[in-house]
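Shared between the two complexes below is chain A, which pairs with chain B and chain C, respectively.
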Partner chain A sequence: MIKAIISVIAFLVLAPFVGGLLAGFERKLAAKMQRRVGPPVLQPFYDVGKLFQKENMAPTRFQDFYVILFVVFIIASGVIFFMGGDLLLVIFTLTIGAAFLIIAAYSSNSPYAEEGAERELLSMMAYEPMVLLTVIGFYMFTGSFKVSDIMAGNAMPFLPMIGLFVGWVFILTLKFRKSPFDLSMSHHAHQELVRGMTTEFVGRTMGWVEISHWYENVFLLGFVFLFFANGTAYGWIIGIVVAILTYFFEVFIDNCFARMKWQFAFKSAWIIAIVLGVVNLFVLQLCFMN
Partner chain B sequence: MGTILFLIFFPMIIAFILLVVKADKGRDVIVIGAAAIIAIMSIVVAIKYAAGGGEYFSFDGEAVNYVMMVIEAGLCIYIIITACKHKKWLAALFAIIQTPLVMWFELTKGHGIEVESNMYVDRLSIIMILIIGIIGTLIAVYALGYMKDFQHHEDEKGNKDRRPWFFFVMFLFLGAMVGLVTSNNMIWMYFFWEITSLSSFWLIGYTKTEEATNNAFRALIMNLLGGLGFAVGIVILGCVCNTVEMSTMLLIGSVYGDLIAIPAAFFAFAGITKAAQMPFNSWLLGAMVAPTPTSALLHSSTMVKAGVFMIIKLAPVLGMGNFAGLMTMMVGGITFLFASCAAISQVNAKRVLAYSTIANLGLIVACGGVGTAGAVWAGIMLIIFHAITKSLLFLCVGTAEHHIGSRMIEDMDGLFNRMPRLAMCMIIGIAGMFLAPFGMLISKWACMVSFVDSGNILLVGCICFGSAVTAFYWLKWMGKLTACVQGEESIETGVHKTETFVHITLVVLVVLVCLIFPLMSTYMLVPYLEVTFGGLGGGIMASGNMLIMVIMVAVIVLLALFSFGKSRKPQVPIYLAGVNTGDNRTYYGSMQQEVSFSLRNWHMEKYFGEKKMNVIGDVLCVVMLVYGIAYGIATLVFWMGGAM
Partner chain C sequence: MSKAYVTKSPWVVHYDGSSCNGCDIEVLACLMPMYDVERFGIINCGNPKHADVFLVTGTVNEQNKDVVKQIYEQMPEPKVVVAIGICACSGGIFKDCYNVLGGVDQVIPVDAYVPGCAARPEAIIDAVVTGLGILQAKRDAMVEAIDAPAAIEAPAAPAAASAPSAVKYPPIFTMAEIKVNAELYKK
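Let's look at the complex of A and B:
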């Protein structure tokens, strides 16, 4: 219980820092790949700080409500995860958070935001099956949906769930909204949607959206960590190292690819979910159930 | 006992009164009064029997049997005559086969079978009675206002006022539903089953246009086919197991599972047709031609719920271990997946709702098929949540249709500004349909867990992909509703008071069940499952998780009360690449001319085209049905050969 409380507090306090730093290093790395100097590592914090000093405005009176719910539920999903709670509950909470961001984008009735929202819906539909299959894979392997039980397990889920792991890394590109799947909003200057879903968010609202993304990123990497948890110290070390490597792998992919069409994003994500996800579940069923 | 009989006969008496009352005022008073009485009585029944867990009533029914037989024969003749008049030979054929079959069975073999209790009430039937008694009557009240507008349009076309008939069928339907969920004698259940089939036939064909008549007959033919399955099931049950009681059947099933699977497969088939599973889903879509209260009634509290009630009832004798269970769960799972996909390509709000109903029923059917305590828990929860949210959504679409003149989702642009209260009701309904922490998601979660536990990975695949698709079509509709379009005037003044009352009541119910569902689980579902399955065997959601869900609902409700639309930030125009004319709806095009824009959702016809999804789903489901029924017949033949 105390452990759970400590890790929740640690998540609430540290996650934005870790997420912000990751974003800072990401920009540094991208700059290096493009032979630029790049901004300082702390630049994301300066950016968000500045957002909070901007003048407050909004296109409608209702947008803020949806954004608040987005922030609350994204953080809540991380909290439940680090509390050692139920993985399905975590996923559903994350989904509701994502849903409110989409609704917030719709509420302005702005063409840019709405097109971004529409594409985000598409991405959601693309990655959701894989997310659910992964969670079910954990359940089939460890016999529990609870993060705390999975953490305490004494066998590393990585190898038996290798298909799900690869699938998870694949959909992380969708979740992080990195190229080639940065359909709904992109940090690259090359896209036609301005800022997609977030076009109509300004100032403080935008700042909160950024911070929630940091929370979300840390928590998504926590999922990667879970593949290596086996209750020992080296499981922890491998897990953390692989999680960080995964993030930078995504950054690498981001900088190597141009954006693909949504058709490709959708088809590839579903095919991977069927081929790697469902087949992996069959294997788990044969080896670990009964 | 008395209260149950009251709930069966009172609506029927009201039905006949409504048939002769022609004046609007009189009808209003009678319907509202009767609705209140029925709702109160169903709550009384719930309070009376819930604590004890229910009772079986012997209710010696020799005379009743003969009365039912006479009515059945009359209905059979009626169907044959109407079918021949419209040249729908298939309907006549099914009627000619099944009614004499049941009568022959009753008069020969069935006559010797001792029936211990003809009727019963347990916690599941209490839940059903509450749904029928409260949601069903709310829809009837809503129909008062709706049908006035509807008749107004009909008058313009010169069609005569047939509303007495409409309300007659509606109340008849409610009475028959109560009978259906409290009959332990399968022959009685069959009687009510046929009445509901016929009632929906009348309701769908209400407008008497050619399309309505055709669709009504399609519904009738498919449901008569299901009725035929029911009749065959009764005959097999009677001949092989020497009983016609549901309770005895389940009891025998706990020992001779393989044997009972044979009639169970036929009963499940009947349930599948009535629950509009693929390949029978077209009748429910066709039912959309009827006035909206009909759709709401068929989708939420009656008709299709009779189908899933049957399957949930059978759940203890289904399961992974036998062919009837496999058939049922796969038909449900496949239907869930493909109906959800088909919903994406739909532009008509009512058709989106219809496909979503078919998909959700698929999930319930799959739960029944899996047949574990956990799965049935999920199935019953789905029945409850679906009944409330779906009726709310249908009734909202009905009102919207009368005020904006369209039932297309793309025409609901700016509904948030034009009809704010209605849009809010719809948004809450949609949230209730798919969004955590609202009800449906809780049940979907429990489904997922029980499917994984059953070890049927294909079913797990169906639910994972189906859920992803579900979120897509609901969210895009919800997005359309939440969009604030400037410069629209509110046109909400003309809504009938009864309609608004029903909307608000249903919204309150949606939120209420989301908040108290752990209590429903503890006091109704869990005791029911303990009696039926002799223990839970895990698989029920942990109470901690339920608590978190409830807290989430509370957070959303509280935040909504305090901050929804209360932002004080200065409002600025949206971004339109710097050429916004200022009204957020037009921009300066080339040569400085003003161009207006409008936004449309994705329908992905190429991927989720309705036809394609239906063909694939139909083929797969037919394969499963043929497998189940053929396996059943083969086992029967084998068993009879062995017995001889």
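Let's look at the complex of A and C:
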């Protein structure tokens, strides 16, 4: 119990710093890949500090309400995860959080925000099956949905669940909103949809959205870590190293691809989920459920 | 007064009034690896609601004056406007055209002028970085207004009532200096 409380407090305090630093290193790395110097590593913190110092001008008062709910549910899903709670509860809380961001974007009545919200709905449809299959895979392998039980398991889920791992890394591109799937709120899509879902988020509202993305990124990388957890110290080390490498792999993919249409995002995510996810579940059924 | 974060992360929005695209290409050149303004935290965000610095190129005319005004009004405080190129400064060679109003300062308050045809990337970066000082001053004025709301709400102070809009900042270059600078840039 005390262990759970400590890890929750550590998540609440450290996750924004880790997430912000990851975002800083990401921008630095992207700049290096383009032969630029790039911003300071602490740049994401300056950006959020700036956003909190700006004038507040929301198009409707409901928008901020929905954004606050988004922040609360995203942090709550991370808290349940790091508490060692139920994985199903974690992904449902995460989905509710994502839904509130979409509602916030719709509430502004801005055509760009609505376009972004519609694309975000489509990408949610694209990644949700894979998320569910991954969680089911963890259950079939360890016999429990609880993160604490999966962490204490005495076998590393990585090799038996390698198809689900590849599928999870694939949909992380959708969840992080990186190219080729950054269609709902890209930094780089001015001509197309201004700033997508976040077009109408001004000042501190945008600051909160950024902070909750830091929380969300850390918690999504926690899922990657879970593939390597086997209750030993070297499982921890491999898990953390692979989680960080996965993040920078996503940055690499981001810099190598153009933005694709939603049809491609949808088809490829479902094909990956069916081929890698379902086949992997069959293998788990044959090898581990008897 | 503490240093405002806005000076460390100025996001720009760029609007092309009706220029020949020379200045627009120079603005985009600032983002390229050679000049790399992201070193200073500058992002071309393309969204007035996230922007701190408004870069305008080209003249303001009857057709686009409302667009310029609207972009300016959509930007949250503190914000600065930089007029890039001689067309945006004064109207340039199009000054006497029947539909041209002149420089951007005919429609919205301009904080920095970058002369040149086309303006050099170095001059544009210089203007944006100089504009950061103005952003800091505007941020300080906002903090003072928050710390002393009585000064604004006092009924017997018509001057104070319009204080936020009455705070005027001198342009970085005067028109005489623009001419001098223009000579320098020619060399």
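The rule we apply is simple: the second predicted complex is superposed on the first by the 287 of 290 C-alpha atoms of A that agree within 3 Å, B and C clash if a C-alpha of one lies under 4 Å from a C-alpha of the other, contacts with A are read in each partner's own complex, and residues count from 1 in each chain.
Rule of thumb we're sticking to: contacts are C-beta pairs under 8 Å (C-beta built on N, C-alpha and C of every residue); 3 or more make two chains touch, one makes a residue touch a chain.
Predicted, not measured: the structure shown is a model, and the values here were computed from it.
**Student:** With both structures lined up on chain A, is it a clash or a fit for chain B and chain C?
**Tutor:** Aligned through their shared chain, the two binders fit side by side on chain A.
**Student:** Of chain B and chain C, which one touches more residues of chain A?
**Tutor:** Counting residues of chain A touched by each partner, the higher count goes to B.
**Student:** Applying the document's definition of touch, where does A:206 land relative to chain B and chain C: first, second, both, or neither?
**Tutor:** After superposition on chain A, A:206 lies in contact with chain C alone.
**Student:** Determine, under the contact definition given at the top, whether A:216 touches first (chain B), second (chain C), both, or neither.
**Tutor:** So A:216 meets neither chain B nor chain C here.
**Student:** With the two structures laid over each other on chain A, which partner does A:187 touch: chain B (first), chain C (second), both, or neither?
**Tutor:** second
**Student:** Tell me which partner A:254 touches in the superposition: chain B (first), chain C (second), both or neither.
**Tutor:** Touch status of A:254: no partner.
**Student:** Regarding the shared-chain residue A:56, is it in contact with chain B (first), chain C (second), both, or neither?
**Tutor:** It touches chain B and chain C both.
**Student:** Per the contact definition in the header, classify A:38: touching chain B only (first), chain C only (second), both, or neither.
**Tutor:** Second partner only, chain C.
**Student:** Does the superposition put A:139 against chain B (first), chain C (second), both, or neither?
**Tutor:** Only chain B is touched by A:139; chain C is not.
**Student:** Regarding the shared-chain residue A:46, is it in contact with chain B (first), chain C (second), both, or neither?
**Tutor:** Touch partner of A:46: chain C, not chain B.
**Student:** Please give the least Cα distance, whole angstrom, that chain B and chain C reach in the superposed model.
**Tutor:** Least C-alpha distance: 5 Å.
**Student:** Find the residues of chain A that appear in the contact set with chain B and again in the contact set with chain C.
**Tutor:** 56-57, 194, 199-200
**Student:** Would you tell me which residues of chain B are touching chain A in their complex?
**Tutor:** On the chain B side, the touching residues are 414, 435-437, 441, 445, 448-449, 452, 455, 457, 460-461, 463-465, 467-469, 471-472, 475-476, 478-480, 482-486, 542, 545, 548-549, 552, 555-556, 559-560, 563-567, 569-577, 584, 597, 599, 601-602, 607.
**Student:** Mind listing the chain A positions that touch chain B in their complex?
**Tutor:** Within the complex, chain A touches chain B at residues 56-66, 68-69, 72-73, 76, 80, 85-86, 88-89, 92-93, 95-96, 99, 102-103, 105-114, 117-118, 121-122, 124-129, 132-133, 136, 139-140, 145, 194, 199-200, 266, 270, 273-274, 277-278, 281-282, 285, 289-290.
**Student:** Taking the complex as given, what residues does chain A use to touch chain C?
**Tutor:** Within the complex, chain A contacts chain C at residues 27, 31, 34-40, 43, 46-47, 49-50, 52-57, 187, 190-191, 194-195, 198-203, 206.
**Student:** Which of the residues in chain C end up touching chain A in this complex?
**Tutor:** 4-6, 8-9, 33, 36, 38-41, 43-47, 49-50, 52, 76-78, 139, 142
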